[in-house]
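Letters A, B, C, D and E mark the chains in the order given here, with residues in each chain numbered from 1 onward.
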Amino acid sequence: MFLYLIKRILFAVPIVLGVSILTFALVFMAPGDPISAIAPADAPDEVVQALKVSYGLDRPVPVQYLMWLKKSLSGDLGVSIASGRPVRGEIATAFSHTLSIALIASFIGVSLGFLLGGVAGFYQNSWIDRVATLISLIGISVPHYWLGLVLTIVFSVWLGWLPAMGAGPDSGTFYWDFEHLKFMLLPAITMAVIPTGIITRSVKSIVADILSREFLVSLKARGLTDLAILKHVIRNALPMVLAVVGLQIGYLMGGSILIETVFSWPGTGFLLNIAIFQRDFPLLQGIVLILCMFFVALNLMIDILQSVLDPRIMRS
Amino acid sequence: MSVSQTNILQDPDLGGANQPLLIIDQLYKRFPIKGLLFSKEKKYVHAVNGVSFELKKGETLGVVGESGCGKSTLAKLISGLLKNDSGDLIFDGQGVNEMRGISLKNLRKNLQMVFQDSYSSLNPRLTIEEAIAFGPTMHGMKKEDARELAIQLLGRVGLDANHFGNRYPSELSGGQRQRVNIARALAFNPKMLILDESVAALDKSVQAQILNLLIELKKESQLTFLFISHDLQVVNYISDRLIVMYLGQIVEYGPSQKIFEQPRHPYTKALFSSVPEYKKKNGVEKIILSGDPPNPIDLPSGCKFKERCPHAKDICAVEPKLNLVEPYQDYWVACHLAHAQKTLD
Amino acid sequence: ETVVRYGISMADIPLTAGQPNEGAGGYQFTGHTIYDPLIAWEANISNRPGKLAKGLATDWKVDDKDKKVWHFTLRKGVKFHDGSLLDAEAVIWNLEKVLNDKSEQYDAKQAAQVKPRIPSIASFKKVDDLHVDIVTKAEDALFPYQLPWFLISSPTQWAKTKDWNKFSYEPSGTGPFKLEKLVPRERAELVKFNDYWDKTRLAQTDRVILLTIPDALTRVNALMNGQVDMIESPPPDSVQKLKSSGYKLVQNVTPHVWPYHFSTQLGSPWLDIRVRKAANLAIDRNAVVALMNGLAQPAFGQLDKTNPWFGKPNFEIKYDLAAAKELMKQAGYSKDRPVKAKVIIAKGGTGQMLSLPMNEFMQQSLAEIGINIEFEVVELENLYVHWRKGSADPLNAGKGITAINLGYVTADPFYALVRFMDSKYIAPNGVNWGGYANPVIDDLIKQIRTTYDTKKQDGYLAKVHEAMVNDALMVWVVHDTNPHMLSPKVKNYTQAQHWFQDLTTIKM
Amino acid sequence: MEITATKPIPAKRKTYWLDVFEIFLKDRSAWVSGLIVISIFLSALLAPWICAYDPYQGSMSARLLEIGAPGHLLGTDELGRDMLTRLIYGGRMTLLIGFTPILLAFVIGTAIGLVSGFIGGKLNTFVMRTLDIFYAFPSVLLAVAISGAMGPGVMNSIIALTVVFTPQIVRVAESAATQIRNMEYIDAARMSGASSLTIIRVHILSNVVGPIFVYATSLISVCMILASGLSFLGLGVKPPEPEWGLMLNTLRPSIYTKPLLAALPGIWLFITSIAFNLLSDAFRQAMSRKS
Amino acid sequence: MKNSPLLKVNQLHLDFIKDSHHSTRVLNGLNFELHEKESLVLLGESGSGKSVTLRALLRLYEERNTMISGEILFGGKNVLDLTKKELIDYRGKAVSMVFQESGAAFDPVYTIGYQIVEMIRAHESISHQEAKNRALDLLDMVKIPQSRERFKANPHELSGGMRQRAMIALALACHPKILLADEPTTALDATVQMQILLLLKELQKELNMALIFVTHDIGAATELADQIAVMYAGKIVEKADLDTILAHPLHPYTEGLFNSVVTFESKGKSLQAIPGSPPQMGEFVKGCSFAKRCNYANQECERDAPYLINLNQTQVACWNPLINN
């Protein structure tokens, strides 16, 4: 077990390294100049050059990468060119914001998806199956950023029930009270649409698959009650469902940019958007790297959890 | 209209009439297994562990042994689907080890194989006619000719081409699919056919049909068979000579008649006695082996069978060689306790 | 406590350490609120263009003998937010902060912001506690116009941490507001500074909360939803709806113009003045204003007609298709035989304007008279690079780009006229993008730089502007009006004819 | 040895795919969604002939006309261009950037996946590990990062989305190929003396292309939404090109005055995306019912 | 064997419903009895409906997609009429089952021990510890070495033979009256197969159970059977006790089946295979379903389906039984 764990973690190392190189390459492929973001538009060349030197942007790209890597390894992601604040701090706040709505969205997606998918899997071809199928179809088909717009108009402008944008009062420090939840609700619901669709779908097919397995007949033949059988089904579905859910949370974190743009939610996506348009290299690299690391770490965790839950996995 | 297969696919006899068609000498094959990251020594599955035998032209050699003893691996080594680690393989006077490209292609033409799983050995997207015709086209036969040949062969294995030619494998029963497999192998007009558990998955009545077909083919075309099975009765029924394998090694090797009459190796004995037989037989006492076959990863030293052997003695800590059995000239056994004569190298 | 929540269009709170970024717009939020310049700008007058006003300096004048030396007298008893007193030391310290990269307090980022705004300064020295001398590189009568951009932050406060980043969270200036809280990219809370030296400009609300809402629609949503009390730049199409829901629209002419700036380099189709003039005549500016739902004013030149520097150009800019076509015909073009031109534009983000729709409108209008426009659409940041390089640079010329579309700030003589007309500033030395060179104008500008009488100076400037219009250096389309939407609760917001706005007047 | 052959039967039989298609045609939702997709395709293809207006030509006097306005069935946009026309032309763009990446990814991904799955061993490990790096990016993030790096534009969007979807298809193709590589009929084909290329072409491709195809079709709607999302962010198609995501963005400010009009591109996208998903589902079902 | 049978199956029909228009008949009027301590072997080719019979006996098929009619009488009650609650007591406790593929029949994520304990506690209210002790005893009883370790093993960690033993232990956990075994040895090696067969035989005697054993291996059948019932296309075509049927098969199919088995004696002789292949399930066959492959068939066979009649000590369903042989 322990060895398996270490092995899995070691496998992640080259991936993270590859991600960092790719990120760096991507950022430097980009046209445009981060200095434009800080120097006034009409700044003379000498000012711009001086700034470039002060940010180390005049050096060859591989050298810049190595410098950046060295610093990153010690946890220092550099300083945002545009704001001058440490990237780490910027990302930390944004990340916690995104995480909070992603968690709510996952919660919504997971609970709804489990319920709908599970029931649909058990009662295939029933009306509830059809409803679940429809919901999952809508979930995976709707352009969620558009839905976000529609929801804002309905719930915050027409009905005035929920705020339209932002993360709520004094969101520098973070609370899980009603005042803040109000703000999270709309973005989180919008965000939950896709995972709900996908989880419903997956849970349904996983449950249906398990129900069609031979051992289920065997369980019935043992004279177990439906409830006891359900326990077996859930326990068997869990590792697979977990994988789906984990992937979805990762996607939520990485794919929040559209929703955060619509709701002006001060999360990583929002920050990413700004960083892209300002060509704020350190910030851009930092965000992409952190999000990928999160994703890799999440996958790792899921893998490990799965191997705990399903004794067959570690073997292979 | 008729097509002569000889034109294109018949090869001359290379080895000479009295030469064995296949000579195998000290064949080894092991598979590395992916160990954990930090374990220093690499582990191996010793699938084929020093196997030697000869196969004469027109002879049928049976191979029996428990699951995992390396039968399929042996078959794949002979057919060139796997590369051996060491040892010699001489087919029709030519070393198989050194073969590449065209000569390997020609070897394969003369040495065909029928697999165990009749389902997975047919491409579900090809009609059976296409499946049979595929091989000859690879050897330069024209499409139409190959198709015609396929139709002939279907008839030969007892399937009406009008009826079956255009079907997909999923539309055939197991027995029919196995006939198609045989027809496909025959399409090359091979000298030798390896049958790896080719009848194991079939129902008894269908199995009988296929066995009859095989015997018919053998009589007709002087085919040489290597017949692999774990069903002793079937192997006995069809083969002239027999190999009993245990953990990648030959433990007994000789004319099947003699082995069946009186097996020498304790493992063979146990194997024979565990055959449930519905017609009361010659009162062989049941020897029920305890435990499962050991796994081929950590091979025991000495006699590989000693842990399960009811007669194991101290001497079994030394690995037994294949020895000739008195008074025969073509019957070997690898057991210290059997009445064996001299060592075969 | 009275609070005003203000939804601003920026993605981040402008820098708070002293010199704000985000261009002129940044000054109204974290510039002139927290800090004061030596020479200020009247930002609380809406019915005429503002003028220079006394700031931390009560008096400034050029030395009689050496016209390069300016004497400044500092205001007495001005307190920073941290309680320390303003003196000549502090002013020098601040000048070094941005101009002397050897000084301990040098901040590259602030320097980057302000150095281009105060290009004339050569050196400076303390005379006594309340007197400072600044020496300019050459004689420059326009020099005072540079100083509203230069803000003074507290050396005492900085000394506590010696870290500008930390300073930016607890900044100290002399301005009417103190920064109480800064959440980067989200909000800044400004509270009234009761000890502000100018009692007439004491803040009328206790607290102003700036919230960053870069997306226009989201700003409107937030306003309608009651999350903010006022917003900048409502999207034109929402104005009607907002007005009918009881919100107040406040706008005013703003020194900002939305033009096509022509290249007059060899090979440019705009080399021919007839084409340039025709282009000016082909645009129905009222339609553009309508497109903006009234959130713009037609431009008849670089400056608004009410501006003292407008003058009386011969070439009257108006919508006259017939005349335009005639000019084109003379130049040898028509709708059937069109001339091609490539214009580089930004995807969005130049001020208030609807960059893309307006450009599309331009494209259609110009096609009418036989000028076929092709766009090179780039990021705003990228556009600036193209702008700084000038039209002759391969970056532009290489791609056949012969016009650039960028909103221009026209707040002071240099910004409005000199930088585009003086051949000294031909790119890459400045942003005379098209390469305009006219010895007469160059002389005129030299004269302006030595004229200290404001009246006379204005007269010369008007002449420069006349030349600019007569030469049809650009197609001027509209002026921005810097619109704001206020909830009915917000009172007394006076909008100056400038990007500099005075937030102290707002009342709830 | 001579064998007299019976006369060859000329009748060639229906292929697997025709069978699947037949089952597919029995599905009602497949019909409906198929019709929608076809009409979108056709109208996009025939746009210049069926549209009464120029998609780029607007009129300032006819801005933001309500749905059903005379002469403009679906109203006009913020520049007074006919909505219906732009929606139809927008279909072109959306299909182009929603479809092409999947098509490219399908071709490239299948090729890479098959070859690497078939050859296996070190090469396979190398390819898959490399792709793991792309896999470590959540797909939206990767698309945004690449588009952000390369700048907006149709070509760049297509490239970015291709990069996003190729690894996913490679994975599916690779696992399918690995599975089939171990089938005995591949061994049988090897024994026929067929070259690896022939084996891949004849035996592997025909067996894996189905599942990969189904998987790829299920990605179309994802890709379309993502592509429009990029345009929505300003990272995709550049104006004045009509594209649904972009139209959504430019009409966004009008949502107060003309909510329906502003929602229109979104609805369009939604319906198309549903249609593609239904189609993919129907296909999957037809295939599973066939086997 | 005059006392009343433990289990009596009367005219058991079973159809799988595909959709509202299509169904496949798989069991076509099955009749047999099982007495206490008796072992009955169902012999038949693949697809003849052996597994379906066993599962039908436990009512394991979903009512949604199967139509089942006839009677399965156990202890005087028709199993087809049992309530859900009664069914739970019936399954596992009265009648339990050993599956063909032990690998597929165990829940892969729970340990062997857990599943046995779970089974015991589902039927008897005893403490966990007691159940565990019983489970360990059972593992010992089926001769699993190191039962304490194996108790904690996951199914995939055991070899096929061990797993099959564990499956038997599981089936015996609640002392069933009848044990159903669906080809429990087919997937195993020859040597292991015999171990399991002998074990089953031993346990059956020891625990006084009745046994229904399904196989297509006649050899295995002879090791275990008191009675043999030969199935063909969803029907029992012949039933008799072991020696009778071996000596005098009456149905042509039975004869063909016996003849096609390869034995040590068949060497050198040609095998008499039954020609053709069995009918597709659901394919409608008028008359005797074996008629097409039968050497003795006449017109009558094609016209009407034969039913089971008593002939000597045998029950046979054939119009032309082989009485003369």
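The criterion applied here is as follows: a contact is a pair of C-beta atoms (placed from the backbone, for glycine too) under 8 Å apart; a residue touches a chain by one contact, two chains touch by 3 or more.
In this text the structure is predicted, and so the values were computed from the model without any measurement.
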Required steps from chain D to chain E (each step between touching chains, minimum): 2
Chain pair showing more contacts of the two, A-C and B-D: A-C
Separation of chain A from chain D, taking each centre as the mean of its C-alpha atoms, in whole Å: 24
Geometric centre distance via CA averages, chain E-chain B, whole Å: 33
Centre-to-centre distance between chain D and chain C (centres being mean Cα positions), rounded to whole Å: 47
Geometric centre distance via CA averages, chain B-chain A, whole Å: 55
Multi-partner residues of chain A (at least 2 other chains): 31-32, 149, 153, 157, 261, 277
Sites on chain E at which at least two other chains make contact: none
Interface hub residues of chain C, defined as touching at least two other chains: 217, 378-379
Touching residues (chain side chain A, partner chain D) in the complex: 14-16, 18-19, 22-23, 26-27, 29-32, 137-138, 140-147, 149-150, 153, 157, 250-251, 253-255, 257-258, 261, 272-273, 276-277, 284, 288, 291-292, 295-296, 299
Sites on chain B touched by chain D in the complex: 1-6, 76, 79-81, 104-106, 108-109, 111-113, 115-117, 120-127, 131, 134-135, 138-139, 144, 147-148, 151-152, 155-156, 161-162, 165-166, 168, 170, 181, 184, 188, 221
Chain E partner contacts - residues on chain A that touch it in the complex: 213-215, 217-225, 228, 232, 235-236, 239, 309-312, 315
Footprint of chain C on chain D - complex, ascending: 56-58, 60, 63-64, 78-79, 151-152, 234, 238-240, 250, 252-257
Contact footprint of chain B on chain D as seen in their complex: 1-6, 8-9, 11-13, 16, 183-185, 187-194, 198, 202-203, 206-207, 291
